[in-house]
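There are structures below to look over.
Below, chain A partners chain B and then partners chain C, in two separate complexes.
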Partner chain A sequence: MEIIRKAWAGTGESSDAYVLVSPANTLEIEISSVVYNQYAKAIDKAVRETLADLGVEKGTITINDKGALDCVIQARVETAIKRASEAGV
Partner chain B sequence: MRRSMLFIPGNSPSLLMNADVLGADSIIFDLEDAVSPAEKDSARILVRNLLRRFDYDSCEVIVRINSVDTEFWTKDLDEIIPFHPDMIMPPKTNSEDDVRLVSQYIGTLEEKCGMKKNSVKLIPLIETAMGVENAYRIASADERVAAIFLGAEDLSADLRCKRTKEGTEILYSRQRLVVAARAACVDVYDTPFTDVNDDEGIRKDASFAKALGFTGKASISPRHIDAINEAFSPTQADIKYAHEVMNAIEQAALEGKGVVALRGKMIDAPVVARARQVIEMEKAIYGA
Partner chain C sequence: MEFQMNKVVDSIQQAIKASGLKDGMTISFHHHMRNGDYVMNMVLDAIAQAGIKDITVNASSFFDVHAPILDHIRNGVVTGLECNYMSSLIGKAVSEGILEKPVVFRSHGGRPSDMEKGTSHIDVAFVAAPTCDWSSNCTGRIGKSACGPMGYAVSDAMYADKVVAITDNLVEKLDDISIDGKYIDFIVNVDQIGDPKGIVSGTTQITRDPVGLRMAENAAKVIKASGLLKDGFSFQTGAGGATLAASKFVREMMIKEGIQGSFCLGGITSYMVQMLHEGLFKELLDVQCFDLDAVRSLSEDSNHKEITASEYAGVCCDSAVNHLDAALLGATQVDLDFNVNVHTDSNGYIIGGSGGHSDVAAGSKLCIIIAPLTRARLPLVVDRVVTISTPGNTIDVLVTQRGIAVNTKYGKNKELKQRLIDAHLPIMEIEDLKRIAEQYSGVPSPLETSDRVVGNVIYRDGTQIDTIKMVLGN
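== the complex of A and B ==
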């Protein structure tokens, strides 16, 4: 799946994450989180798993996490990627 | 046992992940009215991921999909069915054809996923005048149907009447659904009471629904769950009497008596049937 336009998913509410994706020539993941010190690695892993499942190799992925579970972050990343791709959701 | 069903908005992670600790017998993950059209995709993926992650062992999981006259309902089922919700609630069910359409689609997904046939049940939401008129046909349309559910907000709009706390405008529809469901041997659930802050109102409304013959009632607020569970549970006096009835029946059988009386009243088949129902409820609530 290819990111061809800017798209977002999620909210800034507690237990949720706001995810913004945009086209780029390399893969870049930016994470800000209320639990960054404890969970940055786990969030990065969850994001990379979802990108691999969707076949995404390039793009800028920005995560603003408000204490979301990994499965919530993955849902928001998947939604944003699908909204940003050719086929849409 | 399903006395209370609690609606949870399908795009709210904090509510979805804690839904099973709010005391409801069933939780309804709502992909329909609680989700705006622009967020249907997001809610569908979120609910799917939470179903994959959590067992929700302590209660039954129902997913309200979008209605069959939208572009969303097949996408909802494609994502949700592989993670085995207990039931699917199709809204705005107008006829037996609507039920069969959803059931057949679920059937193809069950087969594709290697799931047991008819393992996902249906609870059609009846919320139009046409749906009320076709209630028995809907309730008996398919073996997947385990219950029907009255939605009074859309119904009163369709009936062109004002929705009131007293509910006079939906009395006929409530009674029609109860009779239809009982004739079809399925459960029947009453519409939510929408004033979240009226504690006395929910108690009266739930008791009235119980008196009409409903199996249970839905809620849009966790605040209403205790009142609903209480209204649809047998009282201690009901339980005591039910055991007395069953003891009297057993004693009479031992003594070879054909006619049994308790507290000066004859115990006939309907009394025994009600006693059995009360004891089943007692076991479900308090354990064997």
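== the complex of A and C ==
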């Protein structure tokens, strides 16, 4: 999937994550999290795996995490990507 | 009467001068005005203006309203802090190393006991007094800034070398007094000692969150199954939404079974006032009010009684906590030995303190910790808490929304555990609670801290129970 427009998914509520994606020539992932000290690696892994599953190779992915579980992060990233791609409206 | 009025001085500056306050001394404050207190900031400003430095401030608690103290620390006016509780704004600065000397953390019972023993000395106590009379007697029950009891200030008034009462309501004669005028050396009359709206703490709403309700229901069922819920039952709980919901379940069981309790203890909320008026408890023993309904009740209802910090939780006397049947307390973390942390968050930042936590845990027959299995991904149960606030051997039960763990680690509570199993409660081992949380969240990376100590946690008996380290990156 290709990111052709700016899009977002999620909220800033506790236990959720807010994901913002926008077009770029390289892949850049920025993660800020209230549980960064405890779960930085897990969050990074959840984001990268979701991007790989969707075939996303380029774009700026910004995650503002408020302690979301991996499944929530995956869902928010997937939704943001789909909204940012050709198929999304 | 008139001759006593010579204790009245014109300004806080004059009171400071008359008290003989000098560089290097220790001053004290109490926190009944909570986040509405003006007195600490006014006094510290006056001390700074007088050019006095190197002051240690022993306050029963620091709230965010006291943030101006951070500038006084940067300027060298204040060089030491001692308290039972510190809210997160000041806690953050301390955790990042603003002070060279570690903060001394005590408990609500340990603080007055240390003053009585002489291991904590106050040179000048500043007492926020909502009303003072011509004989220097003080009360918190009436006045435009009424706060209810003044229980935490009593030891300060009795044991400090000099005592300055700061009031915004001077009257001729008081009948009910919180602090005897014989302890007061100077009185200052100011425009306003605080904003009573800032007293309201926690929530007065019973939670509607299903996780909170499940925890509350489990906690109430534990109390019932323990066999303690009978005539004469005594109870303490906090002001959180889930503990309030637990009180509601306990109240319903008491009404249904016609049980009359003896007393409710602690920081008093409007919900406890309601239970008193419904006749469910004979009396409220109140060391501080958490809302204005409680303030009103104290001045109107003779069964709502004011107690001192020593009477509440003191170590060297037969204090009220020792007569408690059941207590519901919170936790930021609990470890596999049932040690509880209420001082620091998972990142090592100071966000609170014992308050009466460790006193109540030590005194009550049944001490229940009530907390969600995870908060924003972070598991409640960890191998080792960041800070030991309350030792595990004083905790009896941990209640979460997913299961209940009984502490049998110290050779106790075997009978209690069987009672709870017989009552079909979801009893599991504390290790199971940790494992369930980690199945959802993953195993958290361990916290790394600096080696520098920014806080010493002093247990109620005066011994050091833990240290708090500076957070990394500062």
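FYI, the second predicted complex is superposed on the first by the 88 of 89 C-alpha atoms of A that agree within 3 Å, B and C clash if a C-alpha of one lies under 4 Å from a C-alpha of the other, contacts with A are read in each partner's own complex, and residues count from 1 in each chain.
Going forward, contacts are C-beta pairs under 8 Å (C-beta built on N, C-alpha and C of every residue); 3 or more make two chains touch, one makes a residue touch a chain.
Note that the coordinates shown come from a computational prediction; the quantities given were computed from them, not determined experimentally.
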Clash or fit, chain B versus chain C on superposed chain A: fit
Following superposition on chain A: angle at chain A, chain B versus chain C, Cα, nearest 10°: 70
Touching partner for A:Ser14 - first (chain B), second (chain C), both, neither: both
First (chain B), second (chain C), both or neither touched by A:Asn37: second
First (chain B), second (chain C), both or neither touched by A:Ala68: both
Minimum Cα separation, chain C to chain B, after superposition on A (Å): 5
Shared chain A contacts, counted only where both chain B and chain C touch the same residue: 14-15, 68-69
For the chain B and chain A complex, residues of the former touching the latter: 12-14, 17, 41-42, 45-46, 48-50, 52-53
Complex contact set, residues of chain A against chain B: 9-10, 13-16, 68-69, 71-72, 74-76, 78-79, 82-83, 89
Interface residues, chain A side, partner chain C - complex: 14-15, 34-35, 37-42, 66-70
Complex contact set, residues of chain C against chain A: 346-347, 375-378, 440-442, 444-445, 447-448
